[in-house]
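Please find the structures below.
Across the two complexes that follow, chain A remains constant while its partner is chain B and subsequently chain C.
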Partner chain A sequence: MSRRSLRRTLTGIWWLTLLFLYLPLAVVALFSFNAANSAASFTGFSLRWYERLMGNEEILSAFANSMILAIVSSVVALGIGCFIGYGMYRHRHRKLGWLIVLIYLPIVLPDIVFGISEMAFFVQIHRLTGFLQPGLGTMIIAHVTFQIPFVALIVYSRFVGLDPALFEAAKDLYASPAKRALHFMLPTIKPALISAFFLSFTLSVDDFVISFFTAGPESATLPIYIWGAIKKGVSPEINAVATLMLAAVAIVAIASLLFSRRRPV
Partner chain B sequence: MSDSLTADAKDENPAAATGRSAPSREASSIALQGLHKRFGRDTVALAGVDLAIEPGEFFTLLGPSGCGKTTLLRILAGLEEADRGRLQIGGRDVTEVPPHRRSVNTVFQSYALFPHLSVRDNLAFGLKMQGLAVAEREARVARIAEFIQLGDLIDRRVDQLSGGQRQRIALARALVCEPDVLLLDEPLSALDAGLRSQLQVELLRVQKRLGMTFVFVTHDQQEAMVMSDRIAVLNGGLIQQVGPPRDVYERPVNAFVARFMGHDNLYPVTARDGDTLTTPLGQLHVEQAGDGALLLIRPETLDLLPGDVGGPITCRLAWSSASTAAAMPNIAWRSVTSRCRPRSATADAIFPRSMSESPWRWRPTTSSPWQSEEGTWLIPTGSPPLAVRPWCASLATC
Partner chain C sequence: MVRESRHLLMTVAPGASWIVFFLVLPSAYLMSVAFMSSGTYGLPEMPLSLESFRRLAGFGFLGWSPGNLYTLLRSLWQTLVATGLVVAIAYPIAYHISTCRARWRPIMLLAVVVPSWTNQVIRTFGWMNLLAPGTPLSSVAEALGLVAPNMGLYPSNFAVTLGLVYNFLPFMVLPLYAAFEKLDTAQVEAAQDLYASPLRAFRHAVFPQTLPGLLAGIVLVAIPAFGMYVIPELLGGGKGMMLGNLVANQFAGSANWPLGAAGAILMLIATFIGLFAMRRIGKRLGGGEEVVI
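Then we have the complex of A and B:
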């Protein structure tokens, strides 16, 4: 194969990849504006599905659940993950092999295995103690659990990228441990914390499998609602929900990207 | 108290700097007793260090990498804890005082400027942590910026600064806290030669004006010679010799110090009869010989004498580095190589007589009848073997 045709082939693959990635999304977005009731043909532009969406109590409550779940779990995961990330940095010279594997395992663990085991765990605890009835609470715990490794990893890599002498300079310049945390570490890792928050947020909004297994009857999130609704067929209303989610995630992702570009050093 | 910096900065007379009004800002002495430090099981960083540093001294810890000098500095800063031994600063035992409660500040080798803060906030960091009011902080930052002549650097971001600028900011950030002792960990090692000598002068100016105790770590003997009031040469976690630069240079106590101070002309003394030593160079008559088994010849004590040279020779010319020698009493050496003409070459022909009478000396190296493993010395034929003028006492082997 000549150099030129190789280059053409590669370019072709590139466009094909983009096509498979974004065409389905584009179709969903397009049909969410479809005036007709069918997914077969596009008859004209209309916002009626979005209006209908706004009147649908079920969707609105699913949306509220998704937001509460994403925000609360991200904040909690940020708090815990930040300490783990710092701990990993602080003790990086020790042999932490197994501990690190344990912390990172949720990243590679299949969601379905994780979801089922969380469910079984919560059910048992509920039966024994009466606490942790499946619902938003259990979902938040499950989400925090899988968000933590991402936060810890981001915070850790930010610390590793710093000159270790900075920590000593802070000590040397009269900062007590509490002041070091407040005036040196927090401001220094702030960009990392913000990207970690955005990532956790999108992971949570995205998640279906783990939410599905840990949800209660009242705590359906948007993905769970869509899953339920889709059994009756793909309605243009679902297209509208999907388009809104797409837009939300895209905005958060772009904001995160812009923010990480602007960060100094 | 806080005015001392301004007063000193405005007063060109260094004597005024030492006559400070506030007793709490008197320069502090440092006393180390039996400091031991070990990393892991096998790495001994300090193997029993005793040292007394005078108030207001520019004191240099000199040694090769891994000799323990940085560990010693870190113990002074409180960033490392000694396994054994005591440490006093200004007469107060601070062995167990954490770094943020010591009136000691450090200029780090990597400068360690906070990337999330502007230059101004970097300078104010230490004052803020000490709980000073905003107005006081701003006044002191402005004063130090004037003193170190930071100019418009003060409003820059840290990532907009060059290496030399960062170095000066790091110095200002440590000085603005007005510590009892300032520690400098190879602060100039990352800079190019020109900037380096400029900052050496700057550091000395600051130290003399403030009369503060400076402890300076370097592996560069020339830098140590130029800057220091006294030098401690370290090797293997032990202090080999402490003294003024000239002493350490001229009278090294052992072969390690001699080599480290730039002398490679060490010759074993195979036999001696009073002041006459038998060496690979031949029989030499010396004054004030010590008891050791090594002969050290300092290059600047050698003269090449007129006479006929039997072949092509390469001369290495060594001289005091003019710029620093003019400002400092200490010696700094540099060398160039120049080719001499064969056959007819004599000292008089190569260099005008006036030059040999200047403080410049030169030492020749080439293949010659007298060749040793350590270095070769050209001895012009038909002249007395070697004119060794007052020379360093012979050394104990080590």
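Then we have the complex of A and C:
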């Protein structure tokens, strides 16, 4: 194959793959504007599913649950994870194999095993003690558990990237540990904390399996609501909710592109 | 030294104990459930027994049935096929991105990754819309005689494979792209100077250099694919069930916690064998270079 035809083939594969990647999403968005009731054919443009959405209390409460879950769990994970990240950096010369295993465990455990372990555990604790009733509380605990490793690893890699002389300088200037933490450490890892927060938030909003198994009857999030609606028989309203979620992702994607343009990575 | 140890404890202890209490203990509990008997509502009960493993292997009240074995083989097969297809698509894509102009590369990578930022349930729902009976894609397949009339392309095993490939493609493109980006082209030129055929040049100068990325990608794709729950549940129907569904079902409707826990143990064993095997292969073939997972 000549170089030119190879080039042309690759470009062809590239555009086909893009089509493959975006077609299902485009179909969801298209049918959210469908005037007809059925998902089989597109009969005309209408916003009726979006109007129905605004009056649907179940969807609004699922949205609120998703947001509460994502924000609370991300804040807690940030608080706990950044200390681990710092501890891992400070003591990186010691043998920390057990800690590495602990940190990678939530990442490598299959979602379904993760979710079912927690669900079985929570159910039994609840039966024995009355604590940990399935609901937003148990979901927050589960989400924090899978967010901690990502926060810790991001904060750790930020510290590793710093010049060790900076720590010496802060010490030489007789700054107290508290002052060092507040005026040196916190500002220097701020970018890492921000990206760790956004990653945690995204992971939480994106998660379905673990939420599904740790949720209670009143704590459905948007993905759980959509799942239930699909299982019950497809209502076109799902397309509208899903499209709004896709739009949110698209906005984040464009924002991240603009951000990375401004500052070459 | 004591102060240092206390410092380590203070920074690491809250997070470490969180993971121990909310993940290590629960999974240890789940493991232990597999060795109990199934009581009322399928909840675990004493005495200890290996009944759950017998059930998992297909031995029930009515003698042996191959249902669970089929599920297991299907999980392995789907994982294998989906991973193979993902590699076949991701390899040229990653190479293509790495040869485009530098300013386009981040945008192209973003274009590949963005669909995976959307919720898995929504993505899979999109495929349900596309493959249902009566849709253009299904009609084409019917006209070609690939599926029976009015059956549509979903639910089916084919739909599950498609969903898996769709879901995991970005996880293969990223590590492969990273490998292609730092490809030492001098090796390729040397091969060409020595009149190596394109195939030989690829095999000896390009492929070994991309191997760490490929192995990392296989780990990122095959392990979660084997434990997949959402995609077979939505796209597979009754005959498309995978191990994840078998496990999950034991904690809902037809409850039998010990059987589900035994399935979970099987999944964990597969996961760790997979991780371990990839590390070994990576170490041996990559000339001692660690595979970053």
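Just so we're on the same page, the second predicted complex is superposed on the first by the 248 of 265 C-alpha atoms of A that agree within 3 Å, B and C clash if a C-alpha of one lies under 4 Å from a C-alpha of the other, contacts with A are read in each partner's own complex, and residues count from 1 in each chain.
Criterion: contacts are C-beta pairs under 8 Å (C-beta built on N, C-alpha and C of every residue); 3 or more make two chains touch, one makes a residue touch a chain.
Quick caveat: nothing in here was measured; it's all calculated off a predicted structure.
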item: Fit or clash between chain C and chain B when superposed on chain A; value: fit
item: Chain B versus chain C as contact partner of A:Val113, first or second or both or neither; value: second
item: Partner chain in contact with A:Ile100 - chain B first, chain C second, else both or neither; value: neither
item: Which of chain B and chain C A:Leu244 touches, first, second, both or neither; value: neither
item: Chain A-centred angle between chain C and chain B, computed on Cα centres after superposition, in steps of 10 °; value: 100
item: Comparison of chain B and chain C by chain A residues contacted; value: C
item: Which superposed partner A:Leu18 touches (first chain B, second chain C, both, neither); value: second
item: Touched partner set for A:Ala175, first chain B, second chain C, both or neither; value: first
item: Contacts of A:Ile71 with chain B and chain C, given as first, second, both or neither; value: neither
item: Partner chain(s) touched by A:Tyr86 [first = chain B, second = chain C, both, neither]; value: second
item: Partner chain(s) touched by A:Ala165 [first = chain B, second = chain C, both, neither]; value: first
item: Least Cα gap, in Å, left between chain B and chain C after the two complexes are fitted on chain A; value: 12
item: Overlap of the chain B and chain C footprints on chain A, listed as residue numbers; value: 265
item: Complex interface listing, chain A residues touching chain C; value: 1, 9-11, 13-14, 17-18, 20-25, 27-28, 31, 39-40, 80-81, 83-84, 86-88, 90-91, 94, 99, 102-103, 105-106, 108-114, 116-122, 124, 141-142, 144-145, 148, 152, 202, 205-206, 208-209, 213, 222-223, 226-227, 230, 234, 238, 242, 245-246, 249-250, 252-253, 256-257, 260, 265
item: Residues on chain B engaged by chain A in the complex (per definition of touch); value: 77-79, 98-101, 104-106, 108-110, 112-117, 125-126, 128-130, 157-159, 173-174, 177
item: Chain A - residues contacting chain B, complex; value: 162-163, 165-166, 168-176, 179, 183-184, 187-188, 190, 264-265
item: Of all residues in chain C, those that touch chain A in their complex; value: 4, 7-8, 10-12, 14-16, 18-20, 22-27, 29-30, 33, 89, 92-93, 95-97, 99, 106-108, 110-112, 114-115, 117-123, 125-130, 132, 134-135, 166, 169, 198, 223-224, 226-227, 229-230, 234, 244, 247-248, 251, 257, 260-261, 264, 267-268, 271, 275
